[in-house]
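Going by the order they are written in, the chains are A, B, C and D; count residues from 1 in each one.
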Amino acid sequence: MINVTIWHEFRHEKINESVAELYPKGIHGRVKEFLESDDVKVTLASLDEPNQGISDELLESTDVLMWWGHIAHKEVSDELVSKIRDRVYSGMGFIAMHSAHHSKPFKTIVGTTGDLTWGRNQRAIVWNLCPTHPIAEGIPAHFELFEELYAEPFFIPKPDDLVFGTWYEDGNIFRGGATFTRGLGKIFYFHPGHETCTSFDNEYVQRILKNAVKWCSPIKVEDGFVINGCVKQIEEVFKK
Amino acid sequence: MINVTIWHEFRHEKINESVAELYPKGIHGRVKEFLESDDVKVTLASLDEPNQGISDELLESTDVLMWWGHIAHKEVSDELVSKIRDRVYSGMGFIAMHSAHHSKPFKTIVGTTGDLTWGRNQRAIVWNLCPTHPIAEGIPAHFELFEELYAEPFFIPKPDDLVFGTWYEDGNIFRGGATFTRGLGKIFYFHPGHETCTSFDNEYVQRILKNAVKWCSPIKVEDGFVINGCVKQIEEVFKK
Amino acid sequence: MINVTIWHEFRHEKINESVAELYPKGIHGRVKEFLESDDVKVTLASLDEPNQGISDELLESTDVLMWWGHIAHKEVSDELVSKIRDRVYSGMGFIAMHSAHHSKPFKTIVGTTGDLTWGRNQRAIVWNLCPTHPIAEGIPAHFELFEELYAEPFFIPKPDDLVFGTWYEDGNIFRGGATFTRGLGKIFYFHPGHETCTSFDNEYVQRILKNAVKWCSPIKVEDGFVINGCVKQIEEVFKK
Amino acid sequence: MINVTIWHEFRHEKINESVAELYPKGIHGRVKEFLESDDVKVTLASLDEPNQGISDELLESTDVLMWWGHIAHKEVSDELVSKIRDRVYSGMGFIAMHSAHHSKPFKTIVGTTGDLTWGRNQRAIVWNLCPTHPIAEGIPAHFELFEELYAEPFFIPKPDDLVFGTWYEDGNIFRGGATFTRGLGKIFYFHPGHETCTSFDNEYVQRILKNAVKWCSPIKVEDGFVINGCVKQIEEVFKK
């Protein structure tokens, strides 16, 4: 059983009627619908809840944290961001969806400004650049979306694997599906999911996120990997 | 079910009594013993059999080809090597064990001279450099072997992932567990397994090879990936 | 001084008048015009010359070999291909231009079928995905071409660096500017340069090829790197 | 001209007589001695100076920042760390020396806990794993040091290039010379340089750091790369 927490800023739905109509249960609620299964248990969390939705207990029991934020990145507390980063470095998976490229956790975890070029919603074609990657399982060479333009230059670190690349009508391309490893944690960024688009209804977007949850799940830590242990050891020595 | 073929040059056992005593069923027979399971079916093949052990039918039905060769690399026919390379590029996994770093298939598939530094059998410590990799599942931070020295400089292409690094008593280190992707095929090189050593009895070596077989298994090819198709298409056009 | 040899199949110009008009000195002659400088000496070579244009002496004195082939890939002798591969593994740079993705040397050196999707000449936009790479020096975030469509799926090994990605009008994208290392040799594939297009007149294509020549130049080999030495050492031992 | 700033915690020299004897001008002063040249101008900076040694003006005019810290990591202000990170993402090079693996800037810039295994000073052999890398220019296949043990598991992100690997007498190995790219900034971590060792007198350590300064120098930013621009653009839009 994989414990997934889907964190959603959950603001657009409250201030924009058309978004509320598209996502009556919120974007996190929509993702939960296709993600939950016998093997995946989903907890929903959002910014305006106590602890900004993520208590220490929830964080500790989460295997994969999925993140969607857009207009309220700055409201997320630095303390929570540090806790999330430390938990990822200890093995928790992290999936940054769409505008989470600019979220504090993603930027802090992988080390990036998250800056990119953006533009109007338009025809987009996602190309499968790494068919041997577990996240690409079941995905054809290409599939089509109608999405907000997120494009190069994208100032991410060189990805471990560039799984998907996206073509846009306006002449742009985007390294929009990329994996990273930080500490013992596996991270996946995937660009579809604008609040005024319906990409989460696309069967391939759903399949990719399902695959990503599986791929991001924490490994069992074996002997000799003392997580956050060296720091303590060194500090103790110098304290003497 | 994963169909594994273990190809072995199978010469040392016939000309060297001490090797024959260590490996009464041959090195391939020894590997089969710990590899075969409900999910893995193993076929043995060796150089002196018809078709040098690998008929077209066997090659076509093999999911993962494991290779051990040492003193007879040159006897392997170029035609067979080309067939193996094409099959890997179409998705078959390939595991090069020990001295297969200099085998024709490994050199041809990944693009390398395979050159390295070698020396006497000695104390060796394998370090797990990539605990998040599926091939490292269940492997502690380090384990010990008594092995032939294979060491840097090792003229391999930059690996996709450097999973294991090995320390040697004599002052050497080795990028001895490394993955590569070529076409749709996944490749793993792993250095233990000298004919006068007993590394295949080591529980971690066994676990790593089991993991590698699983990791190297072919993916299901989805729509739009025409294997070896573009070549034909272009040729047909120019033939007009 | 960098010694560059530009090898050209040199057939289209002889059988197609419009190509001959575009490239009166041949494609290799055109590339020479903008490449040659105080620091770069260019030698031209082509398929129908003795030794298929590349004598052992020329190969030995070449620092960077640039390759353009299309309809006559199969005529290049396997013996020459092996010599080129060995020379690259010993440090010579190799630049595969346009349709050289399917040339024997490129396929053999990096380990690929070279297969890709291709289509009609059209509007193409090259995006600079790695502005920190020496090959991207002086190149803006994007520039435009009119080129033959070469696109994904492209069955290359995971590149060391993906320097450029190309957008096409028809909905395709392409990892069209990619670096590889094999042995001591540095390799660059770059897609512009179809025989019916004028991409070699583009200032950025010229700059990229100039940068690539510099980047691909051989390193000075230091103590301890015995090129093609381990093979001999091992063979000698077994000969005893 | 490359403007290098060497930042040093500069505490061991003040509290430990033997370190003061080894490094009468401080570790930063020692590094300056061999680094400064007609092409490289060096400024020294240390923790107990105003602005913790790094004013905004100095930071802005620094091309490559070198960092040595050990017992006072926590005293470095978070504000300064953020400024350094942003400057690196905008193109400034960063070289983390020895115990700077645990410094706030290194951890924040690349995204790591910096945790590793450490032990007593001992015989160490540095192996050149990437002779084609500019940082390895002039470096033989291996050279010897007497150094503090810094070893695996080392929880760094997968490096862009693993340039050096180190062997230790005690049975350990270390990915001790590694490059990273973050934003437009190039980063190099290199392990030698313990305060009770004399590795900075080693000709190869000196050469590697000289090479690294050159390699880490900022690129000239071309049209279309709006540094830290996308953030503002998006914010402005949402402010409307």
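Keep in mind that, in the parts below, a contact is a pair of C-beta atoms (placed from the backbone, for glycine too) under 8 Å apart; a residue touches a chain by one contact, two chains touch by 3 or more.
Quick caveat, the model's predicted, so the values are computed rather than measured.
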| item | value |
| --- | --- |
| Chain pair, A-B or A-D, that carries the greater number of C-beta contacts | A-D |
| Option in B-D, C-D or B-C whose residue-number contact pairs overlap A-C by over half | B-D |
| Rounded Å distance, chain A centre to chain D centre (Cα mean) | 30 |
| Cα-centroid distance, chain A relative to chain B, in whole angstrom | 35 |
| For chain B, residues that touch 2 or more chains besides their own | 128, 131, 141-142, 153, 158, 181, 184, 224-225 |
| Touching residues on chain A, where the partner in the complex is chain B | 128, 131-132, 137-142, 181, 184, 186, 219-225 |
| Interface residues, chain D side, partner chain B - complex | 125, 127-131, 141-142, 152-153, 158, 161-162, 165-168, 171-173, 175 |
| Chain C - residues contacting chain B, complex | 71, 86, 89, 102, 108-118, 153, 155, 157-158, 160, 180-184, 224-231, 233-234, 238 |
